[in-house]
């Protein structure tokens, strides 16, 4: 495994941006491995992801901010730097459905997800066996209408304590409060079991079955304060027919949910996702 | 080309149905080519499509109704009989966008659509050249808010005059009145340029672009009195990314619209589509 | 869960077949839940799958063969009867890659695969931990060129001993001998990591990468004596681009392999697959 | 429509490349609209596509070569410059099947294909009516085994005469000679009616039907001297089932062929395709 750095940039589009960044990296002897950029013609925005090998890079990453500041200021950049050697710390929230959790655990264990997984939090005990099979700490915390606020305070304390970087809702059936969400802006990933914006809210498979659609979908998105309305990271669909019962939809949908959520988590971990205007750019 | 008959049946599910139908067809020496059935477990409905070779069939189709009546009555069947030798008569309604029209004309001309096409009706002149290239009669009829009722009366007269069996709205940008629709129940096919029920109504590509979806869709459905709410016949999607402008969405969507609409028209022509509970069964 | 029976039939196509079967089932008061048939026009073959509720069926399934024999003989049928109450016994063969095994184990444990799984056989120890996590017996048996014949004899003894009905090769990297295969005709399912017949044989991802294809595939098929040439049960593909390294192909392919293999296993378990002319009919 | 320039570059990967290009463009006041690059880690190759607005660009494109030469030499670049204001001149070769031709003609006429189409060449008369409907010159040239060499000489003369930039084989059923191909390296696009490398050569649908595949495919590629072996530009697949006859495969395949070929032609026209190592990079 190479030791690399990823720089994510967004700023108003303007002449000289790419030259300034390329010159800066060259001046410090960066060996660029991947570079990708996007210009939103309508909003006049420039977004970039550049990854370079840290072998030979002559700048200590602790000094990167200070060295890059003149360029960032000149172009009005928002930027973020990530090092491949540092594994982000992920928490998974789950309720009773275990298919997404099982999928994430397998990918985590196999090394496909380049992260730490110090804690699984659940409002049920049903999926504890899976956590134990994969030897990941599991904490049960009952949540009811009345105890939700207190439960969230406990959850937040655990997350802080575990130095969690981002949260994956793996079919977690509780709606998080705006206050909770504000602690992790664009750092809570949810899987919704429909092709959003169709069937946002409760029981999407029931409503898809009722409506007689010919494809079902799943959507991974960042959680915002408006339910099922956050920036979409990934979507996919599967074909169904009149022969499929509601139960078949739920089963076929589970396979979609797993793969859509895991793609979103991987891209998030690879620092490929940039959010703007309630949309995402996913650099591939 | 074989000369065949297709029988479409729907009725409450009950024992003895298949035996009764099979015995009836055998008694008249039918050589069954395809048979397909569907049982809706929830609604306790039985739906069937059976196609047989008319060579050797010992019943004149003119007498079919009388001969089949005892079975139909015993099981409370709705049924419909179609002969492959009779080509249904299709009318196409179109506005300014011509991609679906061009596609239908090519398929019609090549014999892929087994129908007559005696008339194309449009509220614009833009697509006349295409009709002329394919030598299909084209009639222009301006429609405005004020003249809509009268225009529909003229349209209905033309359709009656031409003995039209069903209508295809090939990106026709006018909303038909409930009165008009009642003349052609489950016989008006529309293509909507979104993955319904997402983005029903106006400007779906604009709204899809705004929302930042990762797939766009198209939906062919029968027109009912509620806009974009009729039984869905076919849907499909195409992947897009942040690199796609609104204009790219419209272009990629056009290819989807063509293929989704043409599939729906073919299935309708092949008597493969049965409507129940605002859904369709598409026998393949 | 209903207690049902499934009858699978194949025979030369001829008049009166459906009537004879429907009359027989009606005579014994069968409540048909699903029926599907296929006629191969070219080969003049008739294939059928019919499933009925055993509640109310007045024939003991032990007597089915004798009662059905006159019809079977009259039409020259091959047929097979399966009862939903009897869970088939599956063995899984695996080598070092564990993604398909992990997927099958999860689906087995969740009840999605309606079968028993008394044994996992492997020529490596690498995946034992997964079997243990899911509490499924695991047996290691080293296989080399020289010991292959003996190893197969041991494997066959274990399979006999465990009364195995069918075998799933979940990325098992050994080629089975024709002699072994003859013990389980159309009862060994393999997943090949390409879109067959493209890239049959070894290292398909390497060759796909080399060739510069734009989609990769996976194929589930029954194993026959000719390598990668058996009847195809299911295939699917995923889009790749020039940005995907060989390693990306392998990872994206793993997700395909899992879903394609698990669909094939489910259909096999549901008695939906009929083999003829080195092809399959998959009744949906 | 903006007046833009596209620069395509390929060279050995090395430090300073991006900075050199970006600095050069900035020095001439280029307003970059899109930039995309790819690094092949294995072959240590750098490939880039950059598009800028010519409004404000202070270098006459006639002088571009001379101005860019020092950079090109320093890094050992192969490069190509294209101007959006110059429409490439396309020739279409066709035989009897007309679906791809009809599709290309519609897209050409609607402005979707940004090119000139001065000539359609065919070894049959069957598709002349389509050319006439779209008012595109059509020339018939019979080709037989014996006259092939002479026919190609005539074809080459016509192409030269018409200043043709690239050729699209829209289901042209003759194999072009290596000599002919050498005149248009990576400038002859072919549509093959299978998912290459599966079923290369003759009658792919027949062989797909025979093999019992569950998906059919189509492949657009550049023509090289080895049949069906050139760099793949685009591929796509469609699902089929046992219910599909050979004729159904051919019909479903036709829809695939149209869309795959038209995507490839559009990308070629947009200067998005770079060939290396018998593969393509398609910059999106």
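Letters A, B, C and D name the chains as they come in the text, with residue numbers starting at 1 for each one.
FYI, contacts are C-beta pairs under 8 Å (C-beta built on N, C-alpha and C of every residue); 3 or more make two chains touch, one makes a residue touch a chain.
Nothing here was measured: the structure is a model prediction, and the numbers come from that model.
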| item | value |
| --- | --- |
| Contact-graph distance - origin chain A, target chain C | 1 |
| Relative orientation of copies chain C and chain D, as a Cα rotation angle in degrees, nearest 5 | 180 |
| Proportion of interface numbers common to chain A and chain D (over half same, under half different) | same |
| Pair exhibiting more inter-chain C-beta contacts, A-B or B-D | A-B |
| Chain A and chain B, separation of their C-alpha mean positions in angstrom | 41 |
| Cα-centroid distance, chain B relative to chain D, in whole angstrom | 36 |
| Shared-contact residues (touching 2 or more other chains) in chain C | 41, 241, 243, 284 |
| Residues on chain B engaged by chain D in the complex (per definition of touch) | 98-99, 102-103, 106, 110, 112, 133-134, 241, 243, 251, 255, 259, 262, 284 |
| Touching residues (chain side chain D, partner chain C) in the complex | 38, 40-42, 195-199, 211-215, 217, 231-237, 241-243, 245, 277-282, 284 |
| Parts of chain A lying in touch with chain D, wherever the complex brings them together | 15-16, 18-19, 22-23, 25-26, 29-37, 39, 41, 239 |
